[in-house]
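Next come two complexes built around subunit A: one with subunit B, the other with subunit C.
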Partner chain A sequence: MAQLFPKHHVMGFIFSLVLTVVAMAVVVYDLSYTAAMAILLITAFMQAGVQLVMFMHAGESEDKVTIYTNVIYMVFFAIVTILGTLLLFIWDM
Partner chain B sequence: MKIDNSLPLEYSTEENRLKILGFWIFLAAEIALFATLFATYFAYQGRTGNGPGTEIFEITPVLINTFALLTSSFTIGLAVNAMRLGNKKAMLTFLGLTLALGLVFLGVEIKEFFTFVHEGATIQTSGYLSILFSTLGTHGAHVSLGFFWGLFIIIQVSKYGLTPHTANKAFIFSLYWHFLDVVWIFIFSFVYLKGMM
Partner chain C sequence: MEFFERFAVPHPSFAIYASMVGIALTSLAIVVGLTYFKKWGYLWREWITTVDHKRIGIMYILAALIMLLRGLVDAVMLRAQLAIPDNTILDSQHYNEVFSAHGVIMIMFMAMPFLFGLMNIVTPLQIGARDVAFPRLNAISFWLFFMGAMLFNIAFVVGGAPDAGWTSYFPLASEEFSPSVGTNYYMMSLQLSGLGTLMTGINFLTTIFRMRAPGLKLMQLPMFTWAMLVTNVLIIAVFPLFAVALAFGAMDRMFGTQFFTIGNGGMDMMWANLFWVWGHPEVYILILPAFGIYSEIISTFARRNLYGYKSMVASMVAITILSLVVWAHHFYTMGQGVLANSIFSIATMAIAVPTGIKIFNWLATLRKGKIEFTTPMLWSLAFIPTFLIGGVTGVMLAMASADFQYHNTMFLVAHFHYTIIPGVVYAFIAGLIYWWPKMFGFMLNEKIGKVSFWLVAIFFNVTFFPMFITGLDGQARRMYTYSEETGFGPLNLIASIGAIGLALGFIVLAYNIYWSTRYMPRNIGSDPWNARSLEWSIPSPVPVYNFATLPHVKSSQAFWDAKTKGHNLFPDKVEEIHMPNNSGVPFIMCVIFFIGAFSLIFDMIPLAIASLIGVFACMAYRSFEANHDHGYHIHVKEIEETEERLRGANK
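So, the complex of A and B:
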């Protein structure tokens, strides 16, 4: 039975629940915009990291380098798309 | 077909390994899709016209959905673990649990959409609501597709057993499901929580 619930999976799950509760702080407490956004960014990216490394086994095959390069490149692409849009339409620079 | 028995079933042939790599490349393209949706969402934030804005969000259904998806991501991880132990029965149980939680998610999200529309927030009301429904809907459509995909995986595994072929399909499905959970975390944080701040 214990075999069916490996420790690092259970830890990953508990960790993701904790991160969700921490992220909830931004609606429960009256934080400044900067502090709230910092909390959301940190918890969201940590959640993504937990999924990627602990659950998706990203690093276990011989294609490890290709997979990580590909994902990191696309995350970079996503950040450029989102920040670029914010820069033009919201921050008005 | 050369089968390398030192590796888990889903990686045991070269074709299997390359299929998993190919799926990672597809997932990276999906990151680009959701990035453009998020970018548009941020650009349209506050452009609500005469319609309602983020005040339509309610915390309870969002929390139910978050816990349903987080737990389903955990159970599908356990399904892959059971598959590697060669325990077909446990694997199918965990897969079934995953899909049941997926259904809970879909049910709550559909009900939430009905509530929104009831409150006068439709996809045609404003630019903001158009992109809100598009972003949530694209993710919801992925979960719906994943539900049927998972159903076919369950049928195939119970029919043909654990072979390099079916194990590979199940593993790729697990990657897809974890990815949907990651996208949901970003929706939860930057659409719902940020909107309710």
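So, the complex of A and C:
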């Protein structure tokens, strides 16, 4: 019976519901811009992680290393681009 | 009538009208010739529908050579205009169009396809694969590139050429300051070919990871294949970003969005930023394959194995990562502060370290080698000192404070020609000559090849070295004229004379191809250079299935070890080979892409939507076709006969 119960999917489903509700707080309550953006950023990245691990099964197949290498590489490139652009246009303009 | 006026050239001249006539006559001659010699069927069956990586590679290289000619003509026009002060061969508008075309064509439609041509032909052979991972996608990549290139090339006779430079900076490139359709052409043609490039990147990375011969580990890949691996990683990283930037720019011009506008919350400098986030890795996408080619050639003709294999790989990976964090050095003067400039300045200088490691490794490979001065080796040896000048002037430019002096001068023009021409053009020509026998089964003439080498190697310096001096004296780039009082005249005249010599060198190269095709002997064996990697273990030209049986690899120079130590590379018995079918769908789909892009350029929205539907229809067709299209099989008997014939003829 234990094998039949889709534990991962149910957990993923609950996680994503919780994260959505937390993100909802930004709209419902009157938060400052900084707090609202912080909440949104954190929940968005956690949401993406939940999707990747729970539903898209990263880490379950033999390609585990390849998939995570890809993800890390992608995140590295995105962060470099965004931080570099912020540095050029806002922090040091 | 207004509808048709858009297709007229806004700033015509005699040369443009002459080109129209020339293009019309050439097209007519091609159509008549194909019909007269009854070659339409041959062209369609053997080339247009092919999914064979070797044929696609040959088409890439052919397109690259034609584009090299076009870019060269542009360059000669530029140098003719600058030869004497206050010259009037080109007016300012034409000069702008010509230097924009020269930059885009040389980078996007000459260097990139040349790289993909060699990558297509050599990579699968070096890893012992029968084809790439996705042969059909490979055909789509090629035809997308080809359609993009053709779209860019018709711009100057249909509607007007782009004139905002190859960087096409906003706000100059915006609808307001560049009202002709030229910049639309830039956006759409680069979008098409960029899409093809991204597909190639994914295709070849998968191929290198998944389709290596039994026993071939990553750290045993030949250096050229390693270079291709990191190149494709870079392509996958930055080309999506370029596609987005181009889409933003196109939407700004066509649909009135406000991404790169000056007011309304847009930010014109963001184009320069995004362009160089892509553009800087792009120059490494060009130079890393060149490093791979030089590694192969130098180790082959120094008759030694490559010095420092691991440090070669490590330095390429380091260059890959560093190339992603230096882009702001292209616009030190844009107004950001000292902190940002210092960070990018230091990162830029850091690239000199892994590049230096590679230079020393090549020198160490040459040391105590029995060097054979063949043509590919001459190109490779000339690369080292010439590229070094480009590299050290690069470190000069990397110093942000000093760069305020050099920015947008001819010093910069000299610098990047000193890196790109030895780094990319020499490499691809060397690679073309080196792998030519593998592609066609005969060699290029060495004597004529050496004449073209010396012409290019000497006149390259005559052309570009004076620009260092005039640049330091303050001659600005992209200016169509200068006055006599500036004193730039004599040095510019020398540079222009050099350009003639340079053009002559390339003409001799083209003549060499013609001469060798007619007169060079055909029975050259499979390994004419006495080389080291797997592609030389199979007959030349390579049969459609590449390897009759897959090689078993134990070292990074498998074929050399097999020759010298007597390993058996091919222990398996011949079995039936499963190959993919040819298909016309990629070509048809890309023609529809071409029509769609063309209609977007001229704001013909209904036709653009129809084309989009057509593209999706082609994809849907492929989805259903995949159910019954299982490729075809080559039988054992046929393979054995082919092998007997090819190897027999070669002995």
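Please note the rule applied: the second predicted complex is superposed on the first by the 84 of 93 C-alpha atoms of A that agree within 3 Å, B and C clash if a C-alpha of one lies under 4 Å from a C-alpha of the other, contacts with A are read in each partner's own complex, and residues count from 1 in each chain.
The definition used in the following text is that a contact is a pair of C-beta atoms (placed from the backbone, for glycine too) under 8 Å apart; a residue touches a chain by one contact, two chains touch by 3 or more.
What you see is a predicted model; the values in this text were computed from it and never measured.
Of the two partner chains placed around the shared chain by superposition, subunit B is the only one that A:Met24 touches, whereas subunit C remains out of contact. After overlaying the two complexes on the shared chain, residue contacts for A:Ile67 are found with subunit B alone; subunit C is out of touch. Touching more residues of subunit A than its counterpart among subunit B and subunit C is B. When the two structures are aligned on the shared chain, A:Phe77 is found in touch with subunit B and with subunit C.
Touch criterion met: A:Phe89 reaches subunit B and subunit C at once.
Taken together, the two structures place residues 66, 73, 77, 81, 84-85, 89 of subunit A in contact with subunit B in one case and with subunit C in the other.
Across the complex, subunit A is touched by residues 11, 17, 20-21, 24-25, 27-29, 31-32, 34-36, 38-40, 42-43, 45, 59, 66-67, 70-71, 73-74, 76-78, 80-82, 85, 87, 90, 174-175, 178-179, 181-182, 185-186, 188-190, 193-194, 196-197 of subunit B. Of all residues in subunit C, only 209, 233, 237, 241, 267, 269-270, 273, 277, 324-325, 327-328, 334-340, 343 touch subunit A in the complex they form. Chain contact summary for the complex, subunit A toward subunit B: residues 3-6, 9, 12-13, 16-17, 20, 23-24, 26-27, 31, 33, 36-37, 40, 43-44, 47-48, 51-52, 54-58, 61-63, 66-67, 70-71, 73-75, 77-79, 81-82, 84-86, 89-90.
Within the complex, the subunit A residues that touch subunit C are 66, 73, 77, 80-81, 84-85, 87-89, 91-93.
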